[in-house]
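Two complexes come next, and they have one chain in common, subunit A, joined by subunit B in the first and subunit C in the second.
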Partner chain A sequence: MKLLHIENLSVEFPTHKGNVRVLDKISLRMNQGEVLGVVGESGSGKSMLALAIMGLLSPNAKLTADYLSLNGQDLMKLNLDQRRKYIAQNASIIFQEPQTSLNPCFNIGTQLIETIELHGIRRRKKQRQRALELLEAVGITEPELRLKQYPHQLSGGMNQRVMIAMAIAAEPDLLIADEPTTALDVTIQSQIIELLLELNRTRDMGLMLITHDFALLSESTQRVCVMYSGQIMENASTDNILSSPRHPYTKALLDSIPHIGERHHMGQRLYSLKGRIPAIDHLPVGCRLGPRCPRAAKECVKTPRLDMIKQHGLVRCHFPIPSSTQVEGERND
Partner chain B sequence: MIRIIFRQLTTLALSFLGITLIFFALTQLIPGDPVIINYGNLTPGSEEYLAAVHAMGLDQSLFQQYLIYVDNILHGDLGRSNITNKPVLSEFFTFFPATFELSLIATLIALIFGVLAGVLAAVKKNTWVDNLVISSSLVGYSMPVFWWGMLLILLFSLNLGLTPVAGRISYVFDIEPVTGLMLVDSLLAYSKYEFAAFFDALRHLILPSLVLATVPLAAIARMTRSSMIEVLNADYILTAQSKGVSRWKIIWVHGLRNAMIPLVTVIGLQSSVLLTGAILTETIFAWPGVGKWMVEAIFRRDFPSIQGGVLLIAFFVIFINASVDLLYAVINPRMRRPK
Partner chain C sequence: MTEPVLAVENLTKTYRESGWRYRNHVTYALNNISFQLNPGQTLAIVGESGSGKSSLARQLVGSDQPTSGKVLIDGEDVYQLSASERKKKFKKVRMVFQNPYSSLNPHSRIGSTLEEPLKINTSMNSRQRKEAVHNALQRVGLRSEHASRFPHMFSGGQQQRIAIARALILEPEVIVADEPLSALDVSVQAQILNLLMNLQEELQLSYVFISHDLGVVEHISDQVFVMYRGQLMEYGEVDQIFDQSMHPYTRRLLSSTPTYRHTVEYLNKVNSPEFKKLAKKSNGCPFASRCPYAEQKCLDQMPKTRNISGQRVTCHWPLQD
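Take a look at the complex of A and B:
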């Protein structure tokens, strides 16, 4: 049984110019306890995907899917209230900004105990005990004091730990972390990622790590899913993607990472694709990367399919990059 | 918390001082000779006239006069009414409970229905419910109080005969003022007819409090709506949804608790609108409150009453706003000092 199984999930928003499709036929699967990375630049739809899975889209969004299941339960067969209830018991999400993700008017204890109560612990004393356990599990010092404190009295990293404590209160099988470290200091970033991975190992909890930071993924994930403009461009194991990216967009993302220790010439620019991600209501014909792609040819005005490449993974491109050795040669041209 | 209370008390004291200064300056600007107003037609320069000047302390410097003025206020001496010759302060407090009762009920109506309408509009944003709340609150906000009051009297009192036209209670009931609040006094007055008296008082209250509540209600509804829409878009609402908190609890606990913070300030500012509204409302409904007393004092050129009344109302408004600021600190955890 798959932890998460999505087939052709699309999300549309009505606008005055007609419906705009922000997620286009997303298909992906996650196994129990797997760590999946989702990367893409801002506006690629990765956060939207997280909200769609969690049933948190705003009411005017239209979600369609051939199949969408979490822990074997077909979510499309449930109405919104049932779906939210089921998801709350099986999956949790943490967001980019811990300071705004916690309610500023209630102290940590109240918010944590609210979650604990929703998952069936009724007795006050036990709730408190569980809250302290959870805070300790996420590495928060002086948990007794923290229960009485408000989010504005804690640091960003501490608040993110509280968010994680709240997320694991339900003992979820899936934790979606939507850019969990973007708003934090670099030293805290690695601590939070460490914590998430530790929870993944010790509790056998599937982790979907959404980020725009490839460096983060290389150490922590087994598989990576690259998104661009609401579509999945490449979906393969982390090793394959890092050693030989087959989609030009994936390669561009990897090339744009500055490497410490690598010699950069004075005035040399970091590699980046020309142009910017297209507006979602004004997409190019055919391949969405087309106008920015260094490998684009005539055929790219036809929409490419997400096809299987043997011994690699899924790639959406008419002209996938052949293999890693040739890639290097091509780049030096 | 103690620090905040102390700061509020300091501002309160300074505001009171400022108001007395303005009032003292204003009294100097009022045309006419205070001696002649108080003692009748004395010949300026005559012995009686000079004696009167001395008795009133007008031969002292302005600064000393001001000190005496403040000293008198601190002792609760606001002078005597020119008409009834009773102390202004005790006059004010015989009329004040009626105004207090009216304003209190009006505030409750404005608060309950304003918040309800605002939350409903925010939750049903861009639907007909929202449009209805927005448009009717605009009408309510711009409605002249006196005209609106007369319309309601025409409809409910004269045409439908549902409510009395004026007053606080029917003359059948002879209520001894204990607290000054008719709803309480009517219950205390009789052993047998207390509920008849209570409901009669309530019937008298309905129209005036509704009229008085209209403008604050509209303001509160609009403010609640915009504040609530902002709050419902916040990340912590998503967090609460993902935790599986019920929709009802998200709106009324997670949402409203945050939306109340800016709202409390607006409610405080509405208190002055409420008191000016009370003057008009009391005049229309012959409600024996401070507003009606003040209007009558103006018609009779009863200057000590006017001055004293306006001063006390100003104190009252400042006091309410200071309390609201305190309340703001209580409901907003970010205002409290980190431990």
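Take a look at the complex of A and C:
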């Protein structure tokens, strides 16, 4: 049984210019206990995908899907109230900025216990005990003291740990982390990722890690899904994506990050895509990367399909980059 | 030997906490900082938030006065000069901020934003100013018709280009860039980084580049300056810092960056809570409470900055392996 199974999920928003489709036919599968990375620039729809799965879209959004199941239950068949309850028990999400996700008016204990109470522990003493357990599980020192403190008294990393504690209160099978470390310092960043991966291992909890940092993904995920303009561009195992990206967009993203050993006095410039991500209501005809793509040709005015490439994964491109071994062969000729 | 364009000697900045109860508390935002920046070179300043990177940037561009120490531009101590002379000196050091949108005035057109420094600092007439604005825009890869638009009409990357154009317009020798990439997307980051490097080659600019992204720092910089709580931790050539860092804090930073984790070894020992408490109260090394190599001596005594084969390290036990 798949933990998460999405077929052709689309999300549309009504605007005065007509409906705007922010997610276009997303299909995704996640196994139990898998770590999936989702990458893309801002505006590519990463966060929208997370919200759609969690059922947190604003009421005017129109969600359509052929199939959307979490833990074997088809969510499209449930009514709104049932769906909300079901998702709450099976999935959790943490957001980018812990300081803004926590309520500054209440102390950590109140907020944490509110979540615990929602998940069915009624007795005051047990709630408190559970809260302490959770804080310890996420590596917070002196949990007794922290319960009485307010978010502004804790550091950013500590607040993010509290958020994670709240997220795992229901023992979810799926945890979505939407850029969990962008607001944090480098040293804290690695601690939070370690923690998430540890929870993934010890609790067999699926983890969807949404980020724009490839370096982060390289260490922690098994599969990576690259998004652009509301579509999935490439979906393959992390090793394949990093060693030989087949989609021009993935390659451009990877090449635009400075790598170890490439220092300034070599005079090297980074590769960068021209222009920027198109506005979602002014998409180019055909392939959405088209105008920015270095490999674009006539055929790219037709919309490419997300096709399976053998021994690699899914790629949405008319002219995928040949795998690195093939390229070397060509050079020898 | 070439003369450094910008140098800092024993720069210290302290802030006093407000309130009667804390009247004797003094916070050292910067403590005895010294470095030199040669023409055409890039100095990267690295550290976590709260380490005083941005305070340092403010002292360098003259938007804040240091408590003690010298800021030397072209070998002259700016705070020995008269106010008008000082203003002239600071024309050579300009700044680019982290968030381009909040650093541009939303009410004024790009043209007048760019013109303003010229009006204040030069005696150009309006035609010459227009010409200068036009040149600056071209230089950063924008078109001259963009001058009549407002900041909100541009993307983040373009806004950062405009901010760079504003810094360039007085033809400075040094640009202080405070996290110029962190508000931008990865692919746009690469564009801006390339632009900065091209400009450096064309105009022989020097950069003080503040960043927390070690990948970018390694790519762009010639020298690296690692700070923690206002103190110099380690300072050396980029090769020295990345290949043979001697300070535990630098190693800590490197080992927590995913790409470097396998190349740098860092002891992951956590100090006992008692030790941490002692360390917080002590006058010793500020990093002691988090340092796995810390010993009693680190609590008792602030380490001196030593010079080990051209690399400066503030540590009692510099790591050499």
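Quick note on the criterion: the second predicted complex is superposed on the first by the 318 of 333 C-alpha atoms of A that agree within 3 Å, B and C clash if a C-alpha of one lies under 4 Å from a C-alpha of the other, contacts with A are read in each partner's own complex, and residues count from 1 in each chain.
As a working rule, a residue touches a chain if its C-beta (ideal position, glycine included) is under 8 Å from a C-beta of that chain, and two chains touch if they have at least 3 such contacts.
Treat the numbers as computed from the prediction; the structure is a model and nothing was measured.
Undergrad: Looking at the overlay on subunit A, is there a clash between subunit B and subunit C, or do the two fit?
TA: fit
Undergrad: Applying the document's definition of touch, where does A:Glu114 land relative to subunit B and subunit C: first, second, both, or neither?
TA: first
Undergrad: Check the residue A:Phe95 against both partner chains and state whether it touches subunit B (first), subunit C (second), both, or neither.
TA: first
Undergrad: With the two structures laid over each other on chain A, which partner does A:Lys298 touch: subunit B (first), subunit C (second), both, or neither?
TA: After superposition on chain A, A:Lys298 lies in contact with neither partner.
Undergrad: In the superposed arrangement, which partner chain does A:Met166 touch: subunit B (first), subunit C (second), both, or neither?
TA: Touch partner of A:Met166: subunit B, not subunit C.
Undergrad: Regarding the shared-chain residue A:Arg84, is it in contact with subunit B (first), subunit C (second), both, or neither?
TA: first
Undergrad: A:His152 contacts which: subunit B (first), subunit C (second), both, neither?
TA: first
Undergrad: A:Asn103 in the overlay: touching subunit B, subunit C, both, or neither? Say first, second, both or neither.
TA: After superposition on chain A, A:Asn103 lies in contact with subunit B alone.
Undergrad: Quick one: is A:Ser42 in contact with subunit B, with subunit C, with both, or with neither? Answer first, second, both or neither.
TA: Second partner only, subunit C.
Undergrad: After the two structures are laid over each other on chain A, how near do the C-alpha atoms of subunit B and subunit C get, in Å?
TA: Once the two complexes are overlaid, subunit B and subunit C approach no closer than 11 Å between C-alpha atoms.
Undergrad: Residues of subunit A touching subunit B in their complex?
TA: So the residues of subunit A touching subunit B come out as 51, 54, 56, 81, 84-85, 87-89, 92-93, 95, 97, 100-107, 114-115, 118, 149-150, 152-153, 163, 166, 170.
Undergrad: What does subunit C use to touch subunit A in their complex?
TA: 42, 48-49, 155, 157, 185-191, 193-194, 197-198, 212, 214-216, 218-222, 238-239, 252-253, 255-261, 263, 273
Undergrad: Which residues of subunit B touch subunit A in their complex?
TA: Subunit B residues touching subunit A: 234-236, 238-245, 247, 254, 257-258, 261, 331-334, 338-339.
Undergrad: Residue numbers of subunit A touching subunit C in their complex, please.
TA: 41-42, 141, 185-187, 189-191, 212-216, 218-219, 252-253, 255-260, 262-265, 269-273, 276-277
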